[in-house]
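First chain written, first letter: the chains are A, B, C, D and E, and each begins at residue 1.
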Amino acid sequence: MLFWLILFLPLFGAVLNGLVLRRASKTVSHVVGSAALVGAFICALLTYLDFMRSGGHAQVIPGMEWIEAGSFKAPFNYILDRLSGMMLLIITGIGSLIHIYAGGYMHEEKNTYRFFAYLNLFVFMMLQLVMGDNLLVMFIGWEGVGLCSYLLIGYWYESDDNAAAGMKAFLVNRIGDIGFLLGIFLTFQTFHTVSFSQLKELILTAGASLNGEQIHAIGWITLALFVGACGKSAQLPLYVWLPDAMAGPTPVSALIHAATMVTAGVYMMTRVNFLFYLAPTTQMIVASVGAATALFAATIALVQYDIKKVLAYSTVSQLGYMVLGCGLGAYTAGVFHLFTHACFKALLFLGAGSVITAMHHKQDMREMGGLRKYMPVTHLVMLIGVLAIIGFPGFSGFFSKDEILWKAWTAGDRFHILWGMGTIAAVCTAFYMVRLLMLTFYGPNRSDHHTREHLHETSVVMWGPLVVLALLSFGGGYLNVPHVIPFPEHGLFEEYLAPVLAIPAQAAEHWEHLHAEHEAGEEWAVMAVSVLGMLLASFSAILLYGRGFSPLSTALATRFQGIHRTLSNKYYVDEFYASAVVLPLKDMSYFLWKIVDVAIIDGIVNGVSQACMLVSGLTSFRMSGSLHRHGMVMLVGILCMLTVLLF
Amino acid sequence: MISINHYLALATVMFLCGTLGVLFRRNLLLVLMSVELMLNAVNLVFVAGSRLVNNLDGQVMVFFIITVAACEAGVGLAMVIALYRRYGTVETSFLRMLRG
Amino acid sequence: MDFLNHHVLSLLTFVPLLTAFAVLLSPSLGLARWVSMLGSLLTFLLSIHVWYYFDGQTSGLQFTEIHNWIPTFGIKYIMGVDGLNLLLVVLTAFLTPLILLSVWHLDGSKQKAFLALFMSLECGMLGSLVAFDLVFFYIFWEAMLIPMYFLIGIWGGKNRIYATSKFIIYTFAGSLLMLAAMIVLYILHFEQTGIYTTSLLDLYGAPPAYPTQMWLFAAFAIAFAIKVPVFPFHTWLPDAHTEAPTAGSVILAGVMLKLGTYGLVRFAIPLFPEAVVSYAPLIVGLGVIGIVYGALNAWMQTDAKRMVAYSSVSHLGFVVIGSFALIGGGAALSPEALTGAIYQQINHGISTGALFFLVGVIYERRHTRLLADFGGLAKVMPWFGVMLIVATLSSVGLPGTGGFVGEFLILLGTFMASPLAGSVASLGVLLGAIYMLTLCRKILFGPITHEENKNLSDLTPREFAYLTPLAILAIVMGVFPNLFLDKIRPSIENLANNYKSYKIVAEAPALNEAGDKRAEASR
Amino acid sequence: MNVTIPTLTSEFYGASLPVYSLCVGSVVAMLQGVSKRFGSDKAVLAVLLLSLFAALGGVFFGAPSVETSYLNGGYLVGDLGRVGQGLILGIALVVTLMFSATFLRRKFLRGEVASLFLMIVTGMAVMVASDDIITLFIGLELSSIGLYALVGYINPSRRSQEGAIKYFVLGAFATSLLLFGFALLYVATGTLRLSDMAQILPKLLDHNWVRLGVLFALSGLGFKLGLAPFHLWAPDTYEAAPTGITALMATAVKVMVLVVVVRFFAGSLGAVYDVWLPATMFLAMVSMIVGNVMALVQASVKRMLAYSSVAHSGYMAIALCALGGTSNDFPVAALLYYLIGYSIISLGAFSVLMWLENDQNDNLLIDDLAGLAKKHPWAAFAMAVFMFSFAGMPPTVGFMGKFFVFNAALSNQLYSLVIIGLVGSAISLFYYLRIIVRMYMSEPVRVAVPLVPNRSWLVCGIVGTAVVANLALGTLLPEQLLKSLVSTSQEVAAKKVKLAPVAKAH
Amino acid sequence: MSQELMFYATAFLITVCSVMVVTNRNPVVSAIYLVGDLFLLAAVFASLDAHFVAAIQVLVYAGAIVVLFMFVIMLLNLGPEGKAHLRIPAPELAVLVLTIIGFTTIGTLLLTGQAPGVGGEWSPEAIQANGGNTFTIAMVLFTKFTWPFEISSILILLAVIAAIVIAKKDKKQVVHD
């Protein structure tokens, strides 16, 4: 019962807000929306505790039949295990905080029923995604969150850019969804089921009897699913929608585009980890894409001025880490980073949101600076967030990110390059995050007079959730402390998640390095490299931006003009897509319409009728009229018949 | 020996002449005369055939054809007169109002 | 009750025709409106009766009615429903009252004729759905064109005469081919068995020899392909849709096009199973081309109706490939895909119907359908926005709407039959989103650029009344598909698994046991 | 040599009552033409109706139950003859009534014109009930010569006169061709009796005289039937003639010739079908193509209908071709069904036209019909029904006829004909729709002579009956009509040299 | 032999007359050639023992029909046509050639065909025995062909009325004399 409440409270909130309370005040919308979420969180917490108390064994909660056709069956079944339970808490928990915060953020709107309806709906869809016991129910959530993201990005639809950004997000996601769909088809074709629990059982019990064809199919399945993950988790080459998605209200960015939705890909890969384990090639691709994305996005973030853009690219980069972790087979590390990232990125976004509110919806960091004294609480929590993300020892990011880097290092020689990319990305992260912090909170205030007059700390509705998130960002890391570090509890999270992960017997050999023992020194060394790099980058950022834009920073920008321009234009990827994909497609469509459809196909259809008319007009005029002509035609007719008869 | 074939050939020649007259003479009277020529060719075939097959039906048929020819001629000539009254000519080239 | 069960299909078919006469004879337009509405509601009730008492456990033909019609030629009057046409019958009867509601406010000297034509159109559609005899079917199939011809030709837009002539001649030409093929089939059947019959009950399971089958199948398939319309035969559709009045577009897209795909499933496949195996790659190929081609064309359109029209080409491409997904080397049709195809027909009727209604709503207010003339309507017409978005989502096949269930099953089955076709067809999912969202964006979002748009009124209660059922149904169909699929499953499986030797049994029209029990339970 | 003087029994008088009553009627009408006292239009109408009804009565009640020939074979009536005579008389009746209700009333209901009209009908009735070529020829000429006169001189004008002369000259030419063909057949077979020919021809397969005879005879009959390429008189004459006479030509003449052709093809020439089949197929194909294509651009309604009638002759010729096959006895039934349907449709359509015409405008253009639906909705409705029926769309008799004809053709593997027929049908829809488009979808244009027809219950009744019959024969009643026609075709088939057993329907 | 000579001579003359009928530009001359044609044909009929038909041919055709033509020519005062009366444009010339070729073919076919050899009861001897050609024709006409004979009376009546209807002067009609 409680479980169904978790699912349907947000839906109920969405319906209430969206259809019934259309004339209600903002406060009512806010209260209804937040209450639904808080209620769901409480239920989730109770359910979770109950679940853990009963031993934390995965259980399937059967629901209504959904699609049944031929041999295909996909009921509304839900799975409650340690992974989905954790996600449940993250989604409802962080979701609640963000809902509360949003009330403050959206204060200046006329009415917000639409906003909270969408947000609630989003949570409902996200829960479908994580709770679904089969690929299809997951797909409902998968597309559903895409829809909500579309609606929320385009929340301020009166601006064409926002609508365009929403559409872009939806469409790029759809590309991934096609991959997901193909994955579903292949799965069903190979295993005749799409249920996770059944799949897992099938692979693990009947695992040894999998034939080559099936293994081959698994390769394709995982690849197809990974395409889906690329779309949703904003990996190369489908990441382009995420930076544009920042057009939406900031709480949306925090909830959807940082904490929850974008991690769906990672979640999904973890959910079917037993399949991915069986597909080393795919894993290799996954890892490479992850590492590349991490580095790629991090470099772009180095030179951005829009505070949300920086955070967006940082999200892409961090998602790259998670994907890298999954690709390495280190799902624990990936999911752990997911968790910590959800906390600190939500914190950073909300913090940025506070700043933006204070700055009257200005997002350019060049106009900020010195906000520390106007917004002390925000500054503090942001500082924690930054420390967490750059992996400052002791903060959560340190534990989760270094775990991934370490796994990359130990995965084998081939993976050292990935480790290298990850580390450089970490260095970049440190640089741009500290740069963000410096440009925003330190140095002289560069905003105009009018804005500066109104700068003030935000209300408790907004900074309250920030504090909670800051605590989580700091403390979350201690759930999974590496063994080398002297700490009372080691690898709690790893232990927690172990039942979810299952390496099939026939792939065990390939993945044994995951559990191999390593020298502690090696681990320390790897850690040291990244920490040193991080410190170096942070200091240079402080040096360059600690007091506003130092002359050196501008000098560097002009010295390396080419690189700088490339980076600030995001490697011209959008332009490339526009000219290499969108425009040709448009041209082709135009060609198909004007030439193929109108001129050729319709031309033939109309041509036939016009030809008839033409023949008719010509002959009927030429052939008739004269009596003698008529006789001649008759005679020629007789002669024709004669010919027919004789030959 | 004169066989039926000769009569048929002769009839064909007459029929051809009549046909050409119908097709190529612009004078309506001549056209009518040509039709008479064609009918005569037919008569020849019937009479010759009647002799060939020892059956008088052919000659009876000729009797009727002559009757009909007379009727047609009567009606046709009446039309020629009516046409002449209206157009002042018996040329068929004036008949080109109906076309298309 | 007994009478009703014996004759419900005849009643269902001819009540609209009688209504049409009654409408013509009624003295005032007001009365005519009510008469037509009552007639269509009665028809709907009858269809609900059929739905309710339809036994979902059997694949047989139910509510069968058989009379001799032209015994000299072995032509019979046979009506029946099974899983393949049940949903379409209900859909037709469901859409008609909604459409009548949508033209409630129109008046003018010809409006009575409009209503009468519309009711006779319903008769034609229902008749061709329930007819189980080739000639009997053909009569309805063709007769249906006439009212549609007038609907477009008299009440259409500027270019209506071109459009409607093209529509009727194109369709007519295709149908003639089918007529010839029907006759040949009939003669061949006579030569095989010594029996003159055009009854499907007899013709099923006795296919003609292989090379002949190829020709006959081609003739049938072209006729249906034109109606659907499948890719190279589609050019009449955008014209017809663009010029047709809203009601005409709705019924054209909602039901008429489905008759093409229904015909493929009902006639072309079971009658010529071996030809199906040979032609399936071609047809699936055309279907896939249609999906992509229709979508790309739709994207380029500047006229909202034209866009939706091209989207129909794309969507019906799905239905076509779903109907021809052969699995096991041609041993069977994919039941998943076939289910999806049947389901998608209904769903397309709902979502595209709603879209045409919505375009009609703004057309009525602004007298333009050009996308460039709109923008930002979400602000002035929020409920309109909600409806449009729901319809759009159903159209793009978002999970949770009916469109997803249909498209998913079709793609699943097709993929299993041919991974290549399935993969390319999946692109349609993306392309569909591209043009539908473009439509939404250009109409709903962005700044209001035209002064006239600032004072548009939102949906009236009457508009709500006909849009809401569609919106609700779109979602119900997505969440509770079993409500519908349970009824039709045996029929579909029978066809899918036995299409090579398809047989259908006419069941006694009396109430079957299951129906009785349910009836009692409901009391 | 003993001479057998034919005995005239009462049964003969019953059977030939149609012809006699028409003869009497025509003589009476002729006398009325010179009488001031009895020559009023009402009196003439009465005589016309009386004799036509008497003739119809004779058809229904006088005819023998089995096919019988009287007067040594001169007069042959059976089911086929009866159907032919009945149809012709019915058509004549409708034409008479339509004339009496429209603007040509006074001109048509003159004694001499009525007399000519009745004589034409006499000729037709004689022709369909003949078993020898002489009677057939006399009947044919009787109707043709009368028509030459009526086409041009009921309401003389330049146009009608021109049409009459063209019709006359070409008709005379065609008669010569026909006679030449008959003569050759006579030379070859030694008989003028159709039933005797059937006995002799099987011995003369592959004889060139027979071939040429059939060829010329077919040309002559094709001319009367309006088959392309012997059709060119049709558009001119249809346009020139008063519309009632056009209707008569379009329907009754076709009935007359087709019945005879059926007798020829199924009876006398049955054995040499390999001679006439290719020729007829050629005519059918050319007719369907030419008729349908040429009709596309016509401006005058009657001219368009003329070309359409050429096309319809082509469809009927398909059924004729099927007569050569061996499969079953449906072709005759199909042909007659088509013929009946076509007659109903044509009469209906021409009736509407007659009703709309007036003194100043007796040759309606398609554009003249613009906006008819607004001014005269029921007339437009009827016209629309007829047009769809012409095009062969269900649920009209046009469809049923086409279905039966194609059925007959395909039973005999005449695929090429059917394909051309289908293409033709598709094309034909376009020009029939032009009329509907004008009536329903165009605004009325300003015409020089407005169409302000009188209300007339008679016209209403005739057109209404045509519509109802049209729809009924397309939906409810085909079986009833078909059954009676099947007996006709069995009668025809009984005479045929059978090559395969006749199949019965299920 | 003389019979053959007779035939060929007659045939030649018939052909010449026929050609002259068609080609002469003076209608009166054409009509006279037509009369010649008819007389020659009557001679051929007579040679074929068809005496009655030969007589009718002379009486009705030459005596009545051609005279009617002559009357009309006189009445309308038709003179010789212009020189252009036989100028044939190119496409029609093709038809002319085709027609001649076609009829040559037909003639060849007719010339080469074998008489099928069907025989009836009225051989010349039988006719002689029965009382001569005319008597026998009368017998056949009034037994076998009574019906068409009766109908032909209507036909003649029709021709009379038709001619009256056609030639009757319409009061409003403009006369172009």
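Methods note: a residue touches a chain if its C-beta (ideal position, glycine included) is under 8 Å from a C-beta of that chain, and two chains touch if they have at least 3 such contacts.
None of these values were measured; they are calculated from a predicted model.
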| item | value |
| --- | --- |
| Labels of chains that are neighbours to subunit A and to subunit B | D, E |
| Required steps from subunit A to subunit D (each step between touching chains, minimum) | 1 |
| Chain at the geometric heart of the assembly (C-alpha centres) | C |
| Distance-maximising chain from subunit C - centres being C-alpha averages | E |
| A-E or B-D - the one linked by more C-beta pairs in contact | B-D |
| Greatest separation from subunit D - chain, by CA centre | A |
| Approximate Å spacing (C-alpha centroids) for the pair subunit B, subunit E | 6 |
| Centre-of-Cα separation between subunit D and subunit C, whole angstrom | 43 |
| Whole-Å separation of chain centres (CA-atom averages), subunit A against subunit C | 38 |
| Gap in Å, rounded to a whole number, between the CA centres of subunit C and subunit B | 65 |
| Multi-chain contact sites of subunit E, meaning residues that touch two or more partners | 92, 95, 99, 106, 110, 112-113, 115, 118-120, 126, 144-145, 148, 152, 155, 158-159, 162, 164, 166, 173 |
| Multi-chain contact residues (two or more partners), subunit C | 169 |
| Set of subunit B residues in contact with two or more other chains | 4, 8, 15, 18-19, 22-24, 26, 32, 48, 52-55, 57, 60, 64, 68, 71-72, 75, 79, 82, 86, 92, 95, 98-100 |
| Pairwise chain contacts under the document criterion | A-B, A-C, A-D, A-E, B-D, B-E, C-D, D-E |
| Contact set on subunit D toward subunit A in their complex | 165-166, 169-170, 173-174, 177, 211, 215-216, 218-219, 223, 228-230, 232-233, 235-236, 275, 278-279, 282-283, 286, 293-298, 427, 430 |
| Contact set on subunit A toward subunit B in their complex | 620-621, 624-628, 631-632, 635 |
| Residue ranges of subunit A touching subunit C (in the complex, touch as defined) | 22, 64-72, 136, 139-140, 142-144, 147, 150, 154, 157-160, 162-164, 167, 170-171, 174-175, 177-178, 181-182, 184-186, 188-189, 585-586, 588-590, 592-593, 596-597, 601-602, 605, 609 |
| Of all residues in subunit B, those that touch subunit A in their complex | 19, 22-24, 26, 92-93, 95-96, 98-100 |
| Contacting residues of subunit D [partner subunit B, same complex] | 133-134, 137-138, 141, 145, 148-149, 152-153, 156, 158-159, 161-166, 168-169, 172-173, 175-176, 179-180, 182-184, 186-187, 190-192, 235-236, 239-240, 297-300, 303 |
